[in-house]
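There's a structure below that I have some questions on.
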Amino acid sequence: MSEAQVKLLGERREFPSLLAVDGVKVSYGAIQALKGVTLKVGKGEVVALIGANGAGKTSTLRAVSGMLKPVGGRITFGGEDTTGAKAHTLVPRGMAHAPEGRGIFPNLTVLENLELGAYLRNDAEGIAADMEKSYTLFPRLKDRRKQLAGTLSGGEQQMLAIARALLSRPKLLLLDEPSLGLAPQVTETIFRNLKDVNASGVSILLVEQNAHLALNFAHYGYVLETGEVVMAGPGKALLDSPEIRKAYLGE
Amino acid sequence: MSGPLLEAVGVSIQFGGLKALSDFNLAIHKGDLQGLIGPNGAGKTTAFNVLTGVYRPTQGEVRVAGQRVNGWLPHQINHLGLARTFQNIRLFRALTALDNVKVACRAQGSLNPEGVGLGVKFRGALSNYRDWWRALMLTPGFQAEERDLTEQAERLLEVMGLSHRRNEEARNLPYGEQRRLEIARALGTRPKVLLLDEPAAGMNTREKADLMVLIRKLRDDFNLGILVIEHDMKLVMGICEKITVLDHGETIARGAPAEVRNDRKVIEAYLGDSYLESQGGAA
Amino acid sequence: AGCEKKSQPTPSGEGAQGGQAAQPATTGGAPADSNTILLGEVGSLTGAQATFGVSTRNGIDLAIKEANAAGGVKGKKIAVRVYDNQSKPEEAAQATTRLITQDKVVLILGEVASSNSLAMAEKAQSAGVPMITPSSTNPSVTEKGDYIFRVCFIDPFQGFVMAKFARENLKAEQVAILQDNKSAYSIGLTDVFQRKFTEMGGKITTLESYSQGDTDFRAQLTAIKKTKPQAIYVPGYYNDVGIIARQARELGLTVPLMGGDGWDSEKLFELAGNALDGSYFSNHYSPENPEPRVQKFIADYKAAYGSVPDAMAALGYDAAKVAIAALEKAKDLSGPAIRDAIGQTKDFPGVAGTITLDKNRNAVKSAAILKIGDGKTQFVTTINP
Amino acid sequence: MAQLLQHLINGIAAGTIYALVALGYTMVYGVLKLINFAHGDVMMVGVYMGYSTAFLLGRQAQSTPWGVLVIFLVAMGGCALMGFLIERFAYRPLRDKPRLTALITAIGISFALSYGFQLDIGFLPGSAPRAFPQIIKPAQWFTVGDPEFPDVVLWNWQVISLMLAVGLMVGLQYLVYRTRFGRAMRAVSFDHRVAALMGIPTDRVISLTFMIGSALAAGAGLLYAIKDTSVSPLMGLYVGLKAFVAAVIGGIGNVPGAMVGGLLLGLVEEFVVGYAASTWRDAVAFGFLILVLLVRPGGLFGRVAAEKV
Amino acid sequence: MDTAAAVSSKPGNPSSMVPASLRGILPVLVALPVLLLVEWLLSDSPFAVYLLSIMGVNVILAVSLNIVNGMTGQFSIGHAGFMAVGAYLSGVTSLALKDVAISFLPVAVSDQVFLLAALLVGGIAAAIAGFLVGLPSLRLRGDYLAIVTLGFGEIIRVAVTNTEAFGRALGLSGIPQTSSVAMVGFWVFMVVLVARRIAGSSHGRSLWAIREDEVAAEAMGVNTTGYKVRAFVISSFFAGVAGALFAHFVPIINPGSFTFVKSMEVVVMVVLGGLGSTTGAIVAAVFLTLLPEGLRSAFAAFGSGGSLAQQVDQIRMPVYGLLLVVLMLSRPQGLFGTRELWEVIPRWIPRRRKGM
C-alpha cells in the first residue's frame, strides 16, 4: 500500500537514520499478517508501534529482527540491507529483541539467561559491569540469580527478558509489550530506565498496548491496522488525535 | 447454605526455601467480586494454583462449597464449582472456539460421583464406560445431549461476544479474544466461583473498559463469586468490592478499594508514589 | 499329529465351488512363457538370518544354471523367482502366496529358519503347490502336509548325534549348554541333546541362553565356567558362535565347544580366530568329502561366488537338484504330479549326502561330525540314523 | 566370590559401551529433543569405516598406536560428516514441524542404513558379520588364580574403555555446563528461535552437536567392536535401543546420567544372566527401566521440567 | 436450528433421514452385505485376500494407535506388544477349539463364530494389558511414557518367548486359517467407526484437549488420567484384535513378528497420515503396506534371471527407508494434517473458487 493512505500528523524530529522498513510483507501460510509496512527508526530515537490485537505489531518486530523472513519489501539496518538476514547475524550489528512471550530459557538460571544475552561479547569486565547495571535496574533479579528462570513470576520473567536484551549492548532495542503483566510500579520503573537507556544512545522500537504510556514515552509513533500503517506522527500529536483517543484510549 | 463458596484458611506453600504463600486467608461468597493484587512474584498466581489444586498446600486448608479439598485433583475441584483462567493463555490451540467451550461443558455434564471409597470409584468407572458406550452407539439420549452441549457453548460464546469466531481455531484468534474465550471456557464448567488471572493483560485501554463491564455482567447474570488478579488498577479499583494485597506471599492489606489505595504499605510495596499522583490527575 | 483334518477341506472346498479355478481363470503378472518353468524361492535375504538366505540362494542358483546348461527340464528352461522375507514369517507367507497366485510357480523352495518355512508350508499346502525346504530342521515343518518335503535331517537326529558323540567319543560326563533363545532351531537341538545326553548317563551342568544378535556372552560364560563342564554345547548360528568362542577363551574357558549345522560357514573361522580349535560340530556334509560330485560342486561354487560353500549352500543346491529331478520325472507340471515325483526320491546323490525321503517326507541321511583345527574342518566320523 | 568379581568386571565393561553410545544419544536429545533412532546405525557405519581403515592399513600398521589413532580419527571424522549431512538434509527442514516428524525421518534413515548395509553391492559389506581386527592387542591386566586358566580376568581394553568413557563424560559435562558453546547448546535446546536472538548461530550449534554426537557414536562403536570382536549391519539396532534405555534411566539429556544409566544397565543385565534366568535378561532390563521411571519420572538424574502454570 | 446444522455438518454422521434410534447401528447394517459381497468376489484370488488382510490389520493398528498418539497426544511406541497379546491368546484359543464345531451351523459359519470368539479373547486380553500400560501415564509424560510403552512391548515379547504354551521361539503354528476378508473388513470398519465416533463426541473433544494442554484440560474438569487410560484401553483392544486376525491368516506367529520395529512401523503410519487424522492413518497404512509390494513388482520387471534381479528384492528395504524420509520432508504435517479426507479434498480441488 502506498504512503498516500497513511495519515501523517505533525512534524518528525530529525534523527540520523538507523532502521528503515520499506513495504515489508509477511505471511503465515495463507494468512497475510503484514501487507506492506513502512516505517523508520532513527539513531537515538524511540518509536512506538501501536495497534489493535492482531494488527501485526509483533510480526513487524519479528521481520526486523530476522525471526521471520519477509515475503516482500526491504529492511535496512545501519546502512546495510538486512532483508531476510538470519537473526543471529543481526545481533552483532546491534539488534536486540525482547520477544513477545518473553522467550526466557526456563531451565537455565537467571544468571545463565543474562549471560546468554552477552553471548557475543568477549569483554568480561564490560559484561560484569553491565550485569551490575541490570541488577540495579531490576534488583529483584539479583535476589533470584540462581533460580531457574521458568519458575519466576510473570513480571520477573519480563524484567529478565529486558535485562537480557540490554546485555548485548544494542544499538536498537526491539521491545514487544514490555509492560505486559507488570505491576504498575515496575512498569514505571522500567520505562524510567528505558529513558536512561535511550539517553545513552540506544534506539528503541516499542510495541505496547498501553498507548498512553507508549506515546508519552516515544518520539514518534505509528499506528498499525490489519497489517498496514494507517497513521503516524510524533507521540504527543498522536495522543492528542481524537481518533486515537477514541480507538485506543477508550475515550 | 450461606457459607462461603470458596475458602482458604491459613494456607501456605513453599518451593524449596522459598515461601511463596504464607498464612493466606480468603472467603468468597456468592455474588462477591474481589481483587487480588500485589507486586510481581508476590504469590498471586500461586494462590490460584493452590486453590484450584495444581499445587498442594504445605499448610492450611482449602474448602470449596464446604468440602475440604486438600490433595484433590484439579478436575475434581473443578467439579465442585471452581473454574479459572490462566495468566499465560492456555487454550486448546488447535480446537475451534466452540470446541474449546464444549470441552468444558461436557466435563460438567457427565459428572461422576466424587469422593473416596471403592464403591464410589467403581460406580464412577462403570458410568464412565457406559458413557463411552453411549457415544459409540450414538444413542438418541446421547445425540440429544450433544445438541444440548452445542447450544450451551454457543450461548456462552454469545455472552462473551465471540459468536462470529465459533469455527475458528483458538490459536488464530487475536489476543484479546483469546482472553475472552478463556473466560467463556471457564464458564462452560458451570462454576460457582470464577478465578481470573490478569484477564486484561495485553488489552488496550478501550478493551479493558469493555472487559470491566463484562466482568460485572458475568457476576450478575451467572450469580458467581469472582476473584480477579490484575495489575491494571483502574480495572481492579473500578470493579472490585474488596481487595486483598499480597507481598512476598504475605497478606499486607485487605479492604475496600479506597482503603487499600491509601494504605501506606500497599503504596510502598506495590502502587508506588506516582500512582497517587496520577490518580489525583486522572480521576 | 492329526492336524490336517481341517486344513484339508479348505482347498478342495474352494475347488469344488470354483470348478477348475486353477489355470486360466486369473491373468496376474506376465506369466512365464511356455518355454520356461518358473520355480519360486523365499529366503531371508535381509534380517537376522540373511547370511543363510544368501548362501541358500547361491546354491539354488548354481543348480539351476547347471540344469539349464544341460538343456533344462522337459525341454524347457528353468527360472527362479526369489523373494525376500526379511526373516519374518508373515512376510514369508505373503511372498509364498504371491509366488503361488501371481507368479504361478510350480514348486517352491523354502527357507532356512523353520518358523519361516512353517509359514510358507501353510500356504503351499493349502494351495496344493509342492514345497521343498533345503535346511529347515524342525520336525513340524513337514508335518504341515503331504506337499511339504525337506532334503536335510531333522533336529532330533542332530541333537541325538551330538549327544552320542559327546558321550561315546569324547567320553564327556558333564556338559553345559548355551542356547539361542530366539531360535527355534537352537531350542530344538537343545531339547533333544539334553534328553539324550541325560539318558546316556551324562549330566547337564547348566542351561544358559542368549538372543540371536547379542555380542556379549561373558555373563553366560562366566556362569557356565563356575559349573566346570567338560564341554559346552552351543547349538547356535555361526555368527554368534564365533564370538562366543572368543569370549569363552578370553574368560579362561578352554573346554571344547560342540554345535550343529548352524556353525557351518567359512566366516566362522574368521570370527572365532583360533578360539574354536578342538571343537566339534555335526553337519550335513563335509567339504573334504573326496567324492567328485562334491568336489566339483565346491569348485563351481567357488568360481561363481568366491567362497567355500557352507551347508546351507549345499542343501540349497541339493534341494534344487531334487526339485529338478522330480520335475523331469513328473508326468506333468501339476501339483499332485510333482508332489508324487518328489515323494519317490530315493538314493538321490546329493552333495550333502544321499537323499532318500521317508514317508514323513523327511530326508533320511547320515550326519558328519567335523572337528575344527587351524581354521579348517576335519572330517571325524559319520553317524548314521 | 571370584565369579562375583568376574561378573562385576563384565557388567562394567558392557555398561561402559552402553554408556558411551548413550552419551551421544543424550547429546543429540539434549539440543534437539529428538530421539535419534538412527544413532545406533550411525555407530554401525562408523565401525565399518574403522574396519575398512584397519583393513587398508594392514595387519602390522593397524595395531600400532598411530594406526589405532588413524582408525579412530577416520571413523569419527567420517561419522561426524555423516551426522552433519543427516542433520542438514533430514532433520533441519523439519525443525519447526511437530516433533514426531523428525522421529520418522530418523526411523527412515535407520532403515536405510541398516538394510542398506546388508546389501552386497559395491562397497556395501553384505549381511554377514565380520571379525573386527584386534587393533588393541589384548593383554590381561589383572588375574586371579592360575594365569594360564584364570578364575578372574581383567583385560586392558576394558580398563581403557572405561577410562575413555569417564574422560569423555567429564569432558562433555564440562563442555555443556562450563563453556560458552555449552551454554549456547542449552539455549538452543529450549528455544532455538529465541537463541538466535541472542546472536547464537543456531544452525551451526545444532550441526556441531550432531557431529560431536555422531563422532562419539563412532568412537563408542569401535570400542564396542574391539570388545565383542565383530561388526555386522544389525549391530546398531539393539545396542542403539539399549543405549537409549540407558540414557532414559539416567535422565535423557543428562550427561552423567547417561554414564550411570549405562553402567547400571550393564550390571543389571550381567547379574540377571549370571544369577537368575538368562532368558529373561531383556525383560528385566526393561522392567528395571520402568521401575526407575515410576519412582523418578525424569530418570535418575533428570528433572521433570518445572512447568509453571 | 443452528445446532441441527452443526450436527449434520459433522461428516461421518448419517443423514438426518434415519430415525435417531437407528443411527447407531445403521453403518454396520449397510457395511455387512458389502463385505460379504467383497468376500465372495475375492474367493479365488488368495494373494489379493492376503494383501487385503495384512492391509486391514495395518489399518486397524494405525487407526487404533492414532487414538492414543494422535488424538490424546500421548506417545506410545509399544503397539506391537498389544498386537502380540491378541495374537497369542486368540491363537491359543483357536488351537484349543480346533476340532470343535457347532453342529447345527454350516462349517464356514461355525468357523467364523469361533474366529469371532477368538478375536474377542485376544482383544480383551490386550485391553487389559493396555490398562496396565496406561497406568504409568498417570506419572509419565512424552518421551518417558514412550520408552515405557516400548519397554512393555519388549517385556511381553520376552515373556512370550519363554512360555512353553506359546511355542517359544518357534511360535504357534497350525492356527486355523479362518480369517476372511469379510471379518478383517468388519473390524476395520469397527475401528474406524469407533474412532470417528469418539472424535465426534465429547469424549473425543476431551482427548483433543488433553493433547493440546493437559493442565488446562484438567482445570476445565477433564479427568485427564481417566481419559488417557481409557484411550489406551480402547486402542489396545483393537490392536489385540488386529493381532488376532493376523494370527488367523498368516497363520503362524512367532515373537519375531512383534518387535519394536513393528511398533515403529505403526507409528510411521500414524505420523505419515497426519497425527489425529483417522482417514490419514488409513491411507498411510494402505500405502505403506502396498509400497514394498509395489516395489517388488517394479523390480520384478528386471526379470528373474541374473544376480542383479536377485538383489533387487533386498534393495526394497533401504529404498523404503529413504522414501520415508522423502515423504516426511515433502509433507511434514502428514498427508492430511489433523484433518480428515473430506476436509482436505475440497481444498485440493477448487483452488480458484476461494478467491472469487
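Observations on the model:
A, B, C, D and E label the chains in the order they appear, each numbered from 1.
By our rule, contacts are C-beta pairs under 8 Å (C-beta built on N, C-alpha and C of every residue); 3 or more make two chains touch, one makes a residue touch a chain.
Being a predicted model, the structure only gives us computed values, none of them experimental.
The minimum number of touch steps separating chain B from chain C is 2. Minimum number of contact steps separating chain C from chain D: 1. Ranking every chain by how far its Cα centroid lies from the centroid of chain B, the top place goes to C.
Centre-to-centre, using mean CA coordinates, chain A is 75 Å away from chain C. Computed from the mean C-alpha positions, the centre of chain A lies at a distance of 50 Å from the centre of chain E. In whole angstrom, the spacing between the mean C-alpha positions of chain D and chain E is 33.
Rounded to whole angstrom, the centroid-to-centroid distance between chain A and chain D, based on C-alpha atoms, equals 44 Å. For chain C, residues that reach two or more other chains under the stated contact definition are 45-46, 48, 181. Under the contact definition stated at the top, the residues of chain A that touch 2 or more other chains are 151-152. Annotation for chain E: residues 161-162, 215, 314, 317 touch two or more other chains.
Against chain A, the residues of chain D that register as touching in their complex are 180, 183-184, 186-187, 190-191, 193-202, 303, 305-308. The touching residues of chain B, counted against chain E in their complex, run 52, 54, 73-75, 78-79, 83-84, 86, 90-95, 99, 102-110, 112, 128-129, 131-132, 135-140, 142-143, 145-147, 149-151, 154, 185-186, 188-189. Of all residues in chain D, only 3, 6-7, 10-11, 13-14, 115, 118, 120, 126-131, 138, 149-151, 153, 155, 224, 227-230, 232, 234-235, 237-238, 269-271, 273-275, 277-279, 281-282 touch chain C in the complex they form.
On chain D, the positions that touch chain E within their shared complex are 33, 35, 37, 90, 93-94, 97-98, 100-101, 103-105, 107-113, 115-116, 118-121, 237, 241, 244-245, 248, 252, 277, 279-280, 282-283, 286-287, 289-290, 293-294, 297-299, 304, 307, 309.
Those residues of chain A that touch chain D in the shared complex are 65-67, 86-88, 91-92, 96-97, 99, 103-108, 112, 115-117, 119-120, 148, 150-152, 164, 168.
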